[in-house]
Amino acid sequence: MPLVRHSKAEIVVFGERPVINLENVAYSYGGGELLSDITLKLQPGSFHFLTGPSGSGKTTLMKLCYGALTATSGQVTLFEEDVRGMSRDDLALIRRRIGVVHQDCQFLDHLSVAENISLPLMVSGRDDLKQSANLKELINWVGLSPRAGALPPELSGGERQRAALARAVIMSPDVVLADEPTGNIDWEMSQRLLRLLIELNQMGRTILIATHDLALIRAVKTQVQARVLRISKRRLHLAGADL
Amino acid sequence: MPLVRHSKAEIVVFGERPVINLENVAYSYGGGELLSDITLKLQPGSFHFLTGPSGSGKTTLMKLCYGALTATSGQVTLFEEDVRGMSRDDLALIRRRIGVVHQDCQFLDHLSVAENISLPLMVSGRDDLKQSANLKELINWVGLSPRAGALPPELSGGERQRAALARAVIMSPDVVLADEPTGNIDWEMSQRLLRLLIELNQMGRTILIATHDLALIRAVKTQVQARVLRISKRRLHLAGADL
Amino acid sequence: MSLRASLVHFIAGDPQAARVVPPTGFTVWLTLFSAAAMAFLAVFALALSLATGRLAERWGSELARSSTVRISAPAGQMAAQTETALKLLKTTKGVARARALDADEQSALLEPWFGPGLAIDALPIPQLIEIIEEGEGFDAMGLRLRLAAEVPGAVLDDHTRWRRPLVQAAARLRLLGWLSLLLIGGATAAMITLAAKAALAANAQVISVLRLVGARDSYIARAFMRRFTWRSFIGAVLGVALGCGAIAMLPAADPGGGFLTGLGFQGLHWLIPLIIPPLAAFAGFVATRGAARKTLKEMP
Amino acid sequence: MSLRASLVHFIAGDPQAARVVPPTGFTVWLTLFSAAAMAFLAVFALALSLATGRLAERWGSELARSSTVRISAPAGQMAAQTETALKLLKTTKGVARARALDADEQSALLEPWFGPGLAIDALPIPQLIEIIEEGEGFDAMGLRLRLAAEVPGAVLDDHTRWRRPLVQAAARLRLLGWLSLLLIGGATAAMITLAAKAALAANAQVISVLRLVGARDSYIARAFMRRFTWRSFIGAVLGVALGCGAIAMLPAADPGGGFLTGLGFQGLHWLIPLIIPPLAAFAGFVATRGAARKTLKEMP
């Protein structure tokens, strides 16, 4: 895939129908602009990393990508629909196609880990038998089999992040957005989780991971064609080969 | 300081009056034992890292060290007082001498970041002028000056961890226990935070940091005499020179 | 969704949705308690309204019965004038019956003043005619004029000036009863709304998790509504049971005690409190629905 | 800490502590609303109790006034027997005053039956003596025996059998008023407790943060108590103001209307509702203190 780096720090990946498309987007929480003039096209099947110093706006950009925040200016389209025109119900349907791992993983604290992981199935009414076999396999893959019946407040920090990742991919969504999914996880386990995401990517899913862990990025780059984006000074840049 | 490694995987650091002392401690959340036969003596002025795979019990061990959990068996003494005999009020006084960074940083969401950081002062009635100069300096050091007036829910993940660390050290406590304090923080900033802890350590404070970030441990080891403990198979081991 | 559609969906709907809301918490007890307390009070207000209704009727009819025509005439003309007056009354609109009291009844009325041994025939006492009204009652002014023309010795004592304030007082008591029922209903709705909002605010995390995994707002709202409707219903059932029990334990109606002891329900009226729980459930449903929609709209 | 010590600490204490508890939330409104609603009801229950107190007094005295001695005697002995009876009554314990009715009064009493033009002297009607009782009243049995011995034509009509149930009914109404006051107080305490527990549960994170930084449990509890006491007080002030306003708007006491229209406060009684807000604040204080201690003890 050819790649062009514009002078205005826009990253454009040529190809048909980006699943997530931000055009000249700016965002501010009320004070000064946090993000300015961001253009980002996520083609189906692409794999991106998002880095930048703490507080630069990685989480904010991810929230723009699944409609949790609405751009102050510019246009955001998800699956070719403009976010501005969407009703809450449209947005709910879109969310079923995007798996999200939040930086602070939140769960329904009164349901077991397994139930939490299968929550997307429950909510969309696809809570069937075939899925339950997948569920078991997935829980095993993220190493939570011994804790499947526990309640989320009884999990360790790393276990929470693994459960959140499992919940994000259970529906095999078109896009996976993961915000620091390995912040509390040891090296071996994070390699294992990445292999899951790489596998999904090879099945054609689009992946975007925000992280500050450069070793992780380096490890993935040997296995898959991943691009690294960097936020600095309110703009989005394509990081060079120095990574 | 001479160091002896017992056959039973006890780590004993010789010297007078350990500030935190666990002897033959076991802990279980109700099921099987999670930690068995742990002996840990933290001498004043020592610097320790605690590592181990996700779910091995690092957070649990830390909670034993500041009295948030009570050992299933064995003895825990904090500042030469047995935790078992302590009233809630005694424990509150002990907590003022131990600065804790939780893995999931929690704040009072209705108070500003600066107020949250100075909460230990407020609670112990030491909210005076001299402290407020220190407060400003500290907030500046952890890079939160521009966000000092914000509310905690408006912080980014990394900003939360920095605020939690600032809150833990504001009282210049005898002991600092930090659980994954850099999980969401970029490399430069985490070096900066570590320098703060190293400085405290050089003033005679005792530091214990749980982390899975081996690069971090390596970086510190060049600057200060730090020991690395590792939990594996329910026991505490002194990690070898391989780190 | 329209109220009707959402009611249908709610009753038919998917019980799994309710599971995603945490089952416990003190808002449960608050809702239950408020619903129970309010239902308890509602039972009493209802009893008060019904009792005053009966009281107003009784007072009205008792006083109506004491309307009288008094005929004072020389002994010879007494019978004739009484006859004329009775005939005249029979053709008067608003008079159900008119009846001359016999000697025994008249002496019974006078007994407190003269003692039991009164020889009524020896006294020049007037003849009393008792009038029982019907409907709106008679036109006192018109009747007086006709009596003056045809029965010179007749005086009409229609007691209107005595009856009016008493019946007014009973009506006011009944109004007070209905008003307090309205107040209680309003307070219940307000409390359930507040409890629902407290629950929704306390479950902000639940809501954000559900939204993250693609739940529609109607799904989330329904889960809360189900819980609160059910709680209001259960609470109201408890309150009505306690209230009816308390009323049943009040001393039975007692002619001497008058108003208060007649406070209980009578006969089929015992069935009326049964409508309170469904009403409370409906109030809970509507209140929670409003609260949930508002909260969900406001949450980012 | 003892209740007294914690009250003192609470009133003197450090206002900063209150800041650490989030100021808003629907439990605020719930507490305010419950306190206001309950205070409103309490004002009415208080008015009911006071009014029935007055009513019981009035019924008691009105009925006592209508105790009579009726003397039927030959015309010649009438005056003498009346005189004897009056003397005898004067020496009877429990009789405050006894007075023979004069001719005008007697004919006024008989007017409903005979018409206004009654020539009382022409009739052999008995003399009536009105007795006003004092204290416990007189011993009817003893008085009857003495009258029988000394005044052969006297009949005592002491109305005890009429008075008793009415006075009982009034007393029962008053009891109902006080009981409902108690019930309202209990319900208020229960609601505030539940609201406080809901608030504590919703603020589990606040509590765990405060503990982490070394706050004592008494410090945490005080912060919650301050808020809830204050809210209960404000709510009760609102409720009392509304309740008194509503009572002031009731129609004034009206002799025809009897019981209901006398429901308002009279004179200094208007000051009594002022004790409700401090009481509510105290209830809020105690309820929150209990809830906070229990919750804090149970939290890990």
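First chain written, first letter: the chains are A, B, C and D, and each begins at residue 1.
Heads up, the rule we're going with is that a contact is a pair of C-beta atoms (placed from the backbone, for glycine too) under 8 Å apart; a residue touches a chain by one contact, two chains touch by 3 or more.
A quick note: this is a predicted structure, and the numbers were derived from the prediction, not measured.
Where touching is counted per the definition, subunit A and subunit C have no chain in common. Relative to subunit C, the most remote chain by averaged C-alpha coordinates is B. Across all inter-chain contacts, the pair with the most C-beta pairs is C-D.
Taking each chain's centre as the average of its CA atoms, subunit B and subunit C sit 69 Å apart. For the pair subunit C and subunit D, the distance between mean C-alpha positions equals 24 Å. Note: centroid distance subunit A to subunit B, computed from Cα atoms, is 31 Å. For subunit A, no residue reaches two or more other chains under the stated contact definition. In subunit D, no residue reaches two or more other chains under the touch definition. Taken as a graph of touching chains, this assembly is arranged as a ring, one closed cycle with exactly two partners per chain. In summary, the structure contains touching chain pairs A-B, A-C, B-D, C-D. Those residues of subunit C lying in contact with subunit D across their complex are 25-27, 29-30, 33-34, 37, 70, 72, 109-110, 112-115, 117, 123-126, 128, 155, 157, 162, 164-166, 168-169, 172-173, 176, 187, 190-191, 194-195, 197-198, 201-202, 251, 254, 256-261.
Those residues of subunit B that touch subunit A in the complex are listed here as 29, 52-55, 58-59, 103-104, 143, 147, 154, 156-159, 162, 179-180, 183-189, 212, 214-215.
Within the complex, the subunit C residues that touch subunit A are 14, 16, 19-20, 22-24, 205-206, 208-219, 296, 300. Interface of subunit B with subunit D (complex): residues 68, 88-89, 92-96, 100, 102, 106-111, 119-120, 122-125, 127, 167.
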